[in-house]
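Next up is a structure, given as structure tokens.
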């Protein structure tokens, strides 16, 4: 594998003295799905927030494509090519599905300080937005206000928005949460397909899904990395079994 | 897209014709009153860019209105008219510059902080003008001659003529309306809408929202300066109260009354509020009481403002229209 | 646009002709035959901080007319009343409403100087007759003076100057002046400085407080540090009450006498209580003037309004008297503008404050009294300045 | 003036500043509580201050005692707070700040006119209670009114009481939790509606109480609420929304800045506090003790 897309080195975050993430180190290469698992409160979402810039790290380093991005504001990180799917659906509820994606593609314009030509006349943006919608299977819902979409559709829409910004690194925070069986399967397939030309950091509770798409797993407990290895090795690890997977080890 | 020739779609044209024809039937006072309303409409539209479009509730927008007005005062020679073509852009520029300076500070805050910080900065302007002898202090100051529209010694119109002033105000109101319509349809406006709905998402999509908010603030400030300039030009009088919180509150009320968001909403709000004041003040000395009660009831009962009573077709026609 | 403008201007020409025919071109006798009402526009504060002042002016004004049978020059009177809210931002618009919409023959107002200056502007632009019943802005009968603008109250300069004279005559040399940092304060202090300097005194410090702040401790402490021979002050309303009380509470009253323009203790004595006792101020009105006209007026006002008269009521009353005198001379013919103005200029007003005339700038030439607070009254002590006229600097009519 | 005198006067000015700050704290603390916990911006807060002053005046006129007046008036303002919360403010929690601004702006107009109708437009004074009506000589010319010192003591006591209430009681714990996370409080089974009603009434009572005890030194006049409202805004912005500690520190800062601004920079005295606010906004956009909000 080539130079990693993402290299996280001893990253820590304290909330008023409480260590939510502590000394986390991990690497992620293009074409790789790296899943981060752990019990609730292990610091998974905090970790993602630190990588996306929504949270400021207390210490440590985050290098994306060789560039230090720790502590940069989220918009800078996003512009570098990092897409973020939030744990709690984070879209523009009053906009249509299409407008949600179109706005996301507009981020590619470089600057949106464009004051006169109507946004809808930027055909390449419209097309990219349509493509993103089609990619997640929402082409038929383009005119529906996002608020009127089902929960699963909203997750898909948010993924489409994230994709519409043309990222190389995807931070996916529980993409399957609250999804039905069929929707889940489609999402898993989608993620697997995206892996080809993206680096994907995946936080997910659905172990079946995790073990089916992840190339590598990091187990986070109390903000610390308990283990980081290939899925099979993690499955066999006794430490992981005891600390986290416990009796509910996936079949 | 459906094109039906309904009464509703004819309405804008009818309104336009009525506005253009109005001076033919109106007396001097109603011309001046309408000009005043149109000036307030420009002011309200400028604030709406912040409140309705960007989601920034400013309670200090009068600061820029006042800067525009005082700019005309400072640029006018004592008893001779100043050139419209020089002073108007200069006033708008001064207001925009003031908005840039204040925006850099207040936009660092948000929500309630933003509301209070904007109010406080406007108060700062008020206190300054109130004590500044060179600006006329608390008594205000006169602009003795209306700006001169002569260009290469040919004057296409005279602002001293009430009818001409009316048409200038009307044209500028229409221009402001058109400009805002354009802005809001353009990528810039879409970003503002996005910021209003979910700023944090905009940032994680890669938009440097601070910059867009700042530009929005500056444009709004400039347009408020335009309104202030016209206000000062209409009666030739400026006073520190132009910066006052009553002024900021009134214009905010127009925005909300008209329905924040819709570009034409503030125009409706300005018309409604001014007329309401006329009626109430004529009816009772304690007219502020019904006025206050009206505002309270309007907030509780009319969340969408006047424009929300019947969403205009234009807003619903396009699939990406976003108001639900 | 061009076409519309043409039509409009043609219409205006026609309208102008019609108006001209009705007003000016026809013989005056014919117009009298019409017996049109005299339309008076009262633009005063009926709400807000100055509401009490506005109401007194209003009622005393009507009283003056009622005493003459409710008529002006034999004509019936119609009132148009407008609340100016003491908001200068709306001042021009409001004045314009009375002038252009209601087409009042005479514009009367107001209390707040900023609003009054807006009215002066509108009156000047429209050549309307304006009488100011209170606002003391020097400019109204100074740089902004005009033949159609009258004032029946005072200029801020007048009481200040008179007090300066009094202080200097007592041999005092070092004064500190305190006021809000606003136009009325600046003007009043300037008057004091001028009167004081004429007698060899000097205002060493001006302590100005942002308007309308009422936290005076910092300024009082400064006064204590400066130890002047006296403090001259211009405050009114709530600020006046608080300043007088704070001044006494700070113990300054024992060592540094406080004097001021009369508004310091006018309409505020009940609120100021013991702190105001013995304070000396100058104004164009006082309690205990012992003039028959004053006694009659006070009784009449009390009967009409069911409360005691004050200086604002006097000013309102005299506004009415001035108008009565002017319109009597032209037999109610308001369009006989030249004669009307001439009559008003010549009028000698038999005011409750004592007789006064108007200067060339149309500001009262009046006695300014030195008064001393006793109980709830500003008792007359002496005449501080006899027939004092505002210098009307910058007025082209002087 | 000798240098020792100059030092003395410097300290007197500092005392003036602290004393002003403490009084401002009473008003600003109620404002910041209502902001911080209920997320409601209340422009009518200054009207409650004015109302308190007018009530103190009226009841003191009738009863002859300021203490009695306060005793009667405080419960009345609590009731008013509860009623306003029930009738108006509870509809605002879910609404945008925009509507809160507007509705409370409308309330200002209503209160001003009601004040005019009920109490008239005159300026009134309230007598300082006899046993506090004397001054302590500080220099040969200047003495300090004891009532002002008493006022400062009361403000300090209220500040201390608020601190204890918020830090040490169960209600305070709930209030603190509510300021951070509304849902969490609800999930704890606490009636958030009731909590809000209490907080709002407390805020109203604080402002009105400030108006009452300040009445003897502030006097009572129309429009008195608006001045104090805007300066309270500045304090809350400086201190950080929802932070009582911030409001306390912000009040003292403003009191001192305003006082010394008048002494050392009289030309720009009106702007001193706003420049201070600008500096704080530059340095800490969420105020001294505020949490950064997105």
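As written, the chains take the letters A, B, C and D, and residue 1 is the first residue of each chain.
In this section, a contact is a pair of C-beta atoms (placed from the backbone, for glycine too) under 8 Å apart; a residue touches a chain by one contact, two chains touch by 3 or more.
Predicted model, so just to flag it, every value in this text is computed and none were measured.
Centroid analysis (C-alpha atoms only) places C farthest from subunit A. Centre to centre, using the average C-alpha position, subunit C and subunit D are separated by 36 Å. With centres defined as mean CA coordinates, subunit C is found 73 Å away from subunit A.
In whole angstrom, the spacing between the mean C-alpha positions of subunit A and subunit B is 43.
Subunit B and subunit D have Cα centroids separated by 33 Å. Shown for subunit D are the residues that touch two or more other chains, namely 112-113, 116, 270. Each of residues 127, 130-131, 200, 286, 288 in subunit B touches at least two other chains.
Annotation, chain-chain contacts: A-B, B-C, B-D, C-D (touch as defined at the top).
Interface residues of subunit B facing subunit C in the complex, by the touch rule stated above, are 20-21, 23-24, 27-30, 32-33, 36, 127, 130-131, 133, 136-140, 142, 157, 161, 163-164, 167, 171, 234-237, 239-242, 244, 246-247, 281, 285-288. On the side of subunit C, the complex with subunit D involves touching residues 47-52, 55, 181, 207-215, 217-225, 227, 237-238, 240-242, 245-246, 249-252, 255-256, 267-268, 270-273.
Partner subunit B is touched in their complex by these residues of subunit D: 35, 39, 41, 88, 91, 95-99, 101-103, 105-114, 116-117, 226, 230, 233-234, 236-237, 241, 267-268, 270-271, 274-275, 277-278, 281-282, 285-287, 290, 293-294.
Interface residues of subunit B, counted against subunit A in their complex, comprise 182-183, 185-191, 193-194, 197-198, 200-209, 211-212, 215, 318-324. The touching residues of subunit C, when paired with subunit B in their complex, are 1, 4-5, 7-9, 11-12, 15, 46-47, 81-83, 85, 87-89, 91-93, 96-97, 100-101, 113-114, 117-118, 121-122, 125, 137, 139, 144, 181-184, 186, 208, 210-211.
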